[in-house]
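Structure record follows, encoded as structure tokens.
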Amino acid sequence: MPLSPATREKLETVSTATITTALFKRGFRIQMIQDVYPLDPAKPNMVGEAFTLRYIPAREDLNPITVFNDPEHPQRSAVERDCPPGAVFVIDSRKDARAASAGSILVSRLMMRGVAGIVTDGGFRDAAEIAKLAIPAFHHRPAAPTNLTLHHAIETNVPIACGDAPVFPGDVIVGDGDGCVVIPAHLADEIAAEAVEMTAYEDFATEKVLEGRSIRGLYPATDPQSKIDFEAWRKKKGR
Amino acid sequence: MPLSPATREKLETVSTATITTALFKRGFRIQMIQDVYPLDPAKPNMVGEAFTLRYIPAREDLNPITVFNDPEHPQRSAVERDCPPGAVFVIDSRKDARAASAGSILVSRLMMRGVAGIVTDGGFRDAAEIAKLAIPAFHHRPAAPTNLTLHHAIETNVPIACGDAPVFPGDVIVGDGDGCVVIPAHLADEIAAEAVEMTAYEDFATEKVLEGRSIRGLYPATDPQSKIDFEAWRKKKGR
Amino acid sequence: MPLSPATREKLETVSTATITTALFKRGFRIQMIQDVYPLDPAKPNMVGEAFTLRYIPAREDLNPITVFNDPEHPQRSAVERDCPPGAVFVIDSRKDARAASAGSILVSRLMMRGVAGIVTDGGFRDAAEIAKLAIPAFHHRPAAPTNLTLHHAIETNVPIACGDAPVFPGDVIVGDGDGCVVIPAHLADEIAAEAVEMTAYEDFATEKVLEGRSIRGLYPATDPQSKIDFEAWRKKKGR
Amino acid sequence: MPLSPATREKLETVSTATITTALFKRGFRIQMIQDVYPLDPAKPNMVGEAFTLRYIPAREDLNPITVFNDPEHPQRSAVERDCPPGAVFVIDSRKDARAASAGSILVSRLMMRGVAGIVTDGGFRDAAEIAKLAIPAFHHRPAAPTNLTLHHAIETNVPIACGDAPVFPGDVIVGDGDGCVVIPAHLADEIAAEAVEMTAYEDFATEKVLEGRSIRGLYPATDPQSKIDFEAWRKKKGR
Amino acid sequence: MPLSPATREKLETVSTATITTALFKRGFRIQMIQDVYPLDPAKPNMVGEAFTLRYIPAREDLNPITVFNDPEHPQRSAVERDCPPGAVFVIDSRKDARAASAGSILVSRLMMRGVAGIVTDGGFRDAAEIAKLAIPAFHHRPAAPTNLTLHHAIETNVPIACGDAPVFPGDVIVGDGDGCVVIPAHLADEIAAEAVEMTAYEDFATEKVLEGRSIRGLYPATDPQSKIDFEAWRKKKGR
Amino acid sequence: MPLSPATREKLETVSTATITTALFKRGFRIQMIQDVYPLDPAKPNMVGEAFTLRYIPAREDLNPITVFNDPEHPQRSAVERDCPPGAVFVIDSRKDARAASAGSILVSRLMMRGVAGIVTDGGFRDAAEIAKLAIPAFHHRPAAPTNLTLHHAIETNVPIACGDAPVFPGDVIVGDGDGCVVIPAHLADEIAAEAVEMTAYEDFATEKVLEGRSIRGLYPATDPQSKIDFEAWRKKKGR
């Protein structure tokens, strides 16, 4: 069930707040990747299917600096080859930002390969450089030390934990100023559709509230007049 | 003992650092709301009397999405009606930012109603939107999931905990780049007066230090000459 | 083994990420001061030898506001006299940012005295003011309450803990957007030299990656052609 | 809907593990008071309806040692008069065990008044003494300092948070070696009934497993033979 | 490289403290599973090769109570069939003890199947029951709620994190009153041999210290006489 | 101001709870060493003057296993020679129990030298062995890895932090089931005297409460009859 261009486009226009509410209505309560932040809050939404990397704690004998000489090192082959264009690269760093999950050269390469974004529940090194790249990136906090210090790359594209959320390969990740949410793959289309509708109403409600209207009957739309006004607004706005 | 316009005006010109020192001199050590940050650090001071909202952990059967249909839901009636203009809306979220304390539509409504600001020891959803509003807002970190996920609104305008500080309705909240401080209501006038005096001296001392003067005898003013110079400076500056 | 001007200059041009890798190659894994951030991320690198201040928890009877009347109070004499120009003032605040490690007047005085920077694993008060000063400063988060609330200044220029890293007086501190690293004094020259070389290669690799080149054989330089290209690039760039 | 003697008796024979599973089947996921432990693990189950005490952070001027001279101090009147016999006294200490929630004299008085147990998400002082009393008590860890240091008693018998669980007055608390669970009042009878049934089966399954039987088909009872054997076992055991 | 009976026997007689020192000498610093405790501290050492189970956060739609009807559910098939006799069952619960990693029936079955022990960096439900079983078990703290609440079983016998230590299938786990240590499989024989030697000396040194001897020259054995006395002691003790 | 035998004797009969209340009355709020526990809760009170050891994070090049060959290593010389008989050995481990503060051989030597007890805000290795020794010991949790892994011993008998409390050499440490409290040296006599009086009254009140008496007027003794009864009780008990 690959992410359709139409659904991707929709998800680029809605917020993680709206998406988590749509998920909440379906019984999903822990799909938010907790405590991660955009390195550059000014970027547009990050949207893509999850391609995952799993780290475990580094064992010293297995993680000398020379491991990167091996092109099949899981982190490097993922960056160079395996993570598909359009995907979001999601890293399970066990919420440990004492060492880096990745740095600016690897993130640059992901960007050049057309990857849609990157998120770790740990931290990136060269954070200021990454923030300036066109690719959106999310982490907990900057982390200068090389990943070899604490992270051993085990495998890619398996189900992982990221920021206390479950992430399965192919789940759809959306990131904005509030962080990143994980939409189960089979729900991406319907969540996107519903979120677009919800967003239209929220934009309408926001406009009315900023004009001085009460939230009573407006948010939520318990007053039938709210729905009538909304329909008129949609027509006017072409939404 | 409502907050007088004169005291409010004074508190708009002094820092939380200065206020906490004035409180420290009176034996108050835990009046700082710990670990909250302004969504927009560029805003002027937030000042107002506390109007409080108390959350407890959400029980699933009591918190379906439909609860907001009830206009008397404590969060909604507080936003729409009960929190007075000029007040600061203070939310006890038990320092839990895994779900939102509120979002941009409610904060917009508070702003339109003339509320002076909002602070939670949890997090706001739509954080980037809220940062752009004219109303100052403080939280621990962004939190996209709806409050229903983890927060059950119990009651308003009772004494609460916020960021490990005690907050009584009517206490005066001041927020700046360092966070938010809680001034016990009965001390607001004297703390404001003292803080204005302290601030004048601190501004003088800062100016002198930036001109190259030693802090010895200047900060604190143990050298009588410092007081003489300060008086001259005040006259010149009209403070 | 004072920090030579040449080494200082080199360290101003390399990142903490690169330095931690050079340290990792020599078996040093915990030299990063964890969880501290620049108050102004736009500043250039902070570089200098560590001059330290050690706090223990404040005992109430020993920390009335009047202690600052004593010019020999360790925090004040350090700021006014003992911390040498060119040094970095490093404070052991036991990772406790509930009260301030210092405020803007003291940091201003350090700046005027030519101190190279300041870092605490706690927090600064007047954080917004300090961010505007020319001196680089790093902390965990803003902290308005006076240091007397929780910190008792014991002594200066002894070995300390800062952000879970060991800091010996004279160690060389480098700070950038990722935080601060502690280079053992006897290694400063060789680390600086190696980091400059590494940085040249990283800049070359970054440029190539942004031109679309694969990281295979390039990063690390396992393909001999990478080294040839790098040498050509260096000549062209004059590095 | 007071707790019936029959339901109380049932809950004295089932575990918090079994109860949380029965709650999970009904969609309740956060009814466990997290991170609290029995002071005496050898005691039988604690069962009773919640009577609550709410603390907020202590303000120094409101919490001198003399406040206990007032018999209407909320903690004291609750212990002496308001908490009913048979109830469990549940304290919201904001998960802060740096100061005590109560000590052995108050817990002794609760015991003498017939209160069924006590739980705080903070800590008790005189913990070793309390452990020796006949009344079951649960806390996070011992905490010697008087509650006045950090806890200000605000009110009793309101909904509270305790260990990240919601507790409404009248909810039924059950405590055992795994900690304490909160059963919503209206579900107490059906949860108790179901838990007794589940416990019978679990005891049967445990016996069989300890005799060497496979868990396949037995736990859960997907093999019809398991149910047949269970019925025979029940008859034999008179359960 | 399966664990030989001789090495197992040796490891049953040495402490995790001694083993971690032997590992430290070889450059291994993070092989201790942090913050786990024996449910019954009176049991002898737990020793066995790691068989692992990996949990990720539970997604609600994938974790109804009915999943256990599937005999191939990874947790159940591991317990019933896959975890070999003599092994230690090691669970990656992401240090999250808010829900159980397993309960007494499954642990009983592991015991009956000859498994050597079990450790999770989360918690067990029915902790008091498990403590009474003959099989050693280690966890962070009791956790009543069913694993389905927060843990989704993904796969078995892959490398995992447990308590911030890396665990590869086949690594040798040793547990005692201080917790559990992970010995890389290829080092088990030499670590066991060295630890037995170290233990003999430590027992000798302890005996001498308790007789009143100074640790100078004795611990470590920098005085040649200590080695002479030790050799005599070994002969006498037959070690 | 050495600890007099009379004061030591008094402190052996009073609880840390009572002492913290006596300190609270004098304005001391953070003298409790937070989150430390007796390894053997059955031991009598630990009492003695603080002799301190300060650790900072270990730097790998300074902490090979061979450092213990130097008899002047601060930890070793403190244990062997410097910590006086009758003192309590207090270790600043920065609340980090990932590596040991000390092990059973060193604690045995302290015991043989007549040291009164030991406390660390980290952890001990060989915890089960230490628990069996006659010397009382307090820590946060067991910690097998050698101290060299994370702790570098810097100096002895300087003011330190321990469990968020300030500890000055010569301060009087008292430990019981609730943990350890630090009495400023100059207050030891008066606190001991007051605590003995308080304890007499608390014992009286406990006895009365266990006989069924109300706490009203009894605890605290606001009813004059309570004081009359207490005097009679003291005479009868010879206290």
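In this document, chain identifiers A, B, C, D, E and F correspond to the written order of the chains, with residue numbering beginning at 1 in each.
FYI, a residue touches a chain if its C-beta (ideal position, glycine included) is under 8 Å from a C-beta of that chain, and two chains touch if they have at least 3 such contacts.
Because the structure is predicted, anything quoted here is derived from the model rather than measured.
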| item | value |
| --- | --- |
| Other chains in touch with both subunit E and subunit F | D |
| Starting at subunit A, fewest touch steps before arriving at subunit D | 2 |
| Chain pair among A-E, E-F or C-F whose interface repeats that of B-C, sharing over half of the contact pairs by residue number | E-F |
| For subunit D placed onto subunit E, the superposition rotation in degrees, Cα atoms, nearest 5 | 120 |
| Per Cα centroids, the chain farthest from subunit D | C |
| CA centroid of subunit A to CA centroid of subunit F, Å | 49 |
| Between subunit D and subunit B, distance of the C-alpha-averaged centres to the nearest whole Å | 37 |
| Centre distance in Å when subunit A and subunit B are each reduced to the mean of their C-alpha atoms | 31 |
| Residues of subunit B touching at least two other chains | 29, 164 |
| Interchain pairs in contact, sorted by label | A-B, A-C, A-E, B-C, B-D, C-F, D-E, D-F, E-F |
| Contacting residues of subunit C [partner subunit B, same complex] | 65, 68-69, 71, 76, 79-80, 98, 100, 103-106, 108-109, 112, 125-128, 141-146, 148-149 |
| List of subunit E residues in touch with subunit A within their complex | 27-31, 56-61, 94, 96, 152, 154-155, 158-161, 164-168, 184 |
| Complex contacts: residues of subunit C adjacent to subunit A | 15-17, 19-21, 24-25, 29, 32, 34-35, 37, 41, 164, 176-179, 181, 202, 205-206, 209-210, 212, 214-217, 219-220, 222 |
